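By letter and in written order, the chains are A, B, C and D; residue numbering begins at 1 in each of them.
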Amino acid sequence: MSEAVETSYGALKVMDSGEFAGWRFWEGDPFETRSGPFYYRREEDGSYTSAFRAEARHMNGGGFMHGGCLLTFADFALFAIATDALAGDHAVTLNLAGDFLGSVQSGALVEARGEVTRGGGKTIFVRGLVTGDGSPALSFTGIIRRLSKR
Amino acid sequence: MSEAVETSYGALKVMDSGEFAGWRFWEGDPFETRSGPFYYRREEDGSYTSAFRAEARHMNGGGFMHGGCLLTFADFALFAIATDALAGDHAVTLNLAGDFLGSVQSGALVEARGEVTRGGGKTIFVRGLVTGDGSPALSFTGIIRRLSKR
Amino acid sequence: MSEAVETSYGALKVMDSGEFAGWRFWEGDPFETRSGPFYYRREEDGSYTSAFRAEARHMNGGGFMHGGCLLTFADFALFAIATDALAGDHAVTLNLAGDFLGSVQSGALVEARGEVTRGGGKTIFVRGLVTGDGSPALSFTGIIRRLSKR
Amino acid sequence: MSEAVETSYGALKVMDSGEFAGWRFWEGDPFETRSGPFYYRREEDGSYTSAFRAEARHMNGGGFMHGGCLLTFADFALFAIATDALAGDHAVTLNLAGDFLGSVQSGALVEARGEVTRGGGKTIFVRGLVTGDGSPALSFTGIIRRLSKR
């Protein structure tokens, strides 16, 4: 845990065991931690993958992952995907939109990948795809707004 | 609790005490219950109001309500707003989009109101507004797809 | 036409005859003029209504108004609805999203109404509804970004 | 023009000269033809590219391509991208959302590429990107609904 980065928004830590050993996660975000926790890592090609393992507590009454859980994860993934564009700055989400493509069941590996479609300025545009065991679950777009240097 | 309606998606119950006494809620939706629970009621004008009380567990690392919490509540409100259009049918969310208008702090009364912009057919369109203590927090639109008679 | 307001983006004029006599329109926006022209006016309650008359040239191959025409009109209406929030400032559209609710046929009076869900700052959020002869045609949301004082 | 395919929605033709020789376009869609015409072709990898050349008539009052023009082209591209998923069926747009990433000037080659994020059923989900001379201009998502066999 020596790699933790403390910010006013919580502490960015690195998992040291389990399925997501070596992946980063945030401590100090109550809703995200309760919904997840969600993890992300930088891939060799410079892109960022977000992931978590679906459990019964993420499901809706029909036994599929709740749309709100998918969108909460997408909101997390927005910031993971924009890691380099943000360069440590804080930001807020202006818009998040999702198309629900398919269901995710308990036990599935849930992943999000995407790209910054426009960065550089104060307004950062992202699009991405959430999959469950590799099958498309949510197509999302988001707009985040850089606030200030941390 | 004698008013509970059992469906394959859970049980629709009525709160019998507390701030939301008389409001309906769903039992049997793990993610929604953990995120909320959220409540809704039919108003005298025939519209549906959804509500819950913001707590520390709904906040993000910045001390404001997490966007995923607002969207999870909006997904709940979509179906509350579409109660009459659905007439008891099951449905799934095809699209949910939100514009984040303002922050919500712990302790606030969070409410959602809206209208069906097109119902009647298999595809139902909804728009709504989530407020925190009366201030705009999230403008949302959603498309839900009727599945079948329950 | 003495009421025309000249800006670097064109001239805001007032129609002096025809169905939209007394309504404002922009001169100097080639795509908008070719698609429309579209008109708007301030109502007594302070809201802004946008309108035009559907013609054969606005239709798609199926004989209904083209989705692109509805969205072009919605983009116009975004700025009409935000007239007071903009207070003469220039702005650009960051996001425009539309749910297609119903078809519009040639000859229909097409109108758009809506509200600013959040103004005041640099980012202005709008939602609105386009109707054809009073029937819902397009539910839209938009985010515009104030650029500078004119 | 012997390759024209006649449908109740117009005739699908192939350009026989000019910059888009060999590309397909629709005849009989008044708004699209006036806004464009827009062209598309099948690439060797099975994807579909849409394109047109920006002219002064596509610009707004600021001298950049009008957002409505970009969205009209995106609506065209939705159906081009979904060509194989549609397999000749008619369809309508349920939702079209766009993030405006950058400006396009007169003279630019405007292209759209994308993918079906979910096809197969009655509801087809698409996402894509419009570029101007290769620079990102519009990120879009769309939902189309299959109507019937032609």
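In this section, a contact is a pair of C-beta atoms (placed from the backbone, for glycine too) under 8 Å apart; a residue touches a chain by one contact, two chains touch by 3 or more.
From a predicted model like this one, the values you see are computed outputs, not experimental measurements.
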When I count C-beta pairs in contact, which pair ends up with more: B-D or C-D? C-D
Dist(centroid_CA(chain A), centroid_CA(chain D)) in Å evaluates to 31
Chain B and chain D: spacing of chain centres that average the CA atoms, whole Å: 36
Calculate how many whole Å lie between the centre of chain C and the centre of chain D, each centre taken as the average of the chain's C-alpha atoms. 23
Contacts with two or more other chains occur in chain A at residues 94-95, 97, 99, 143
What's the contact topology between the chains, one of line, ring, star, complete, other? complete
Note: in the complex, chain B contacts chain A through residues 7-10, 26, 28-32, 34-35, 56-62, 65-69, 71-73, 75-76, 90, 92-100
Interface with chain D, chain B side, in the complex: residues 94-95, 97, 123, 143, 145
Which residues of chain C touch chain B in their complex? 95, 97, 99, 101-102, 117-118, 125, 127, 129, 136, 139, 141, 143
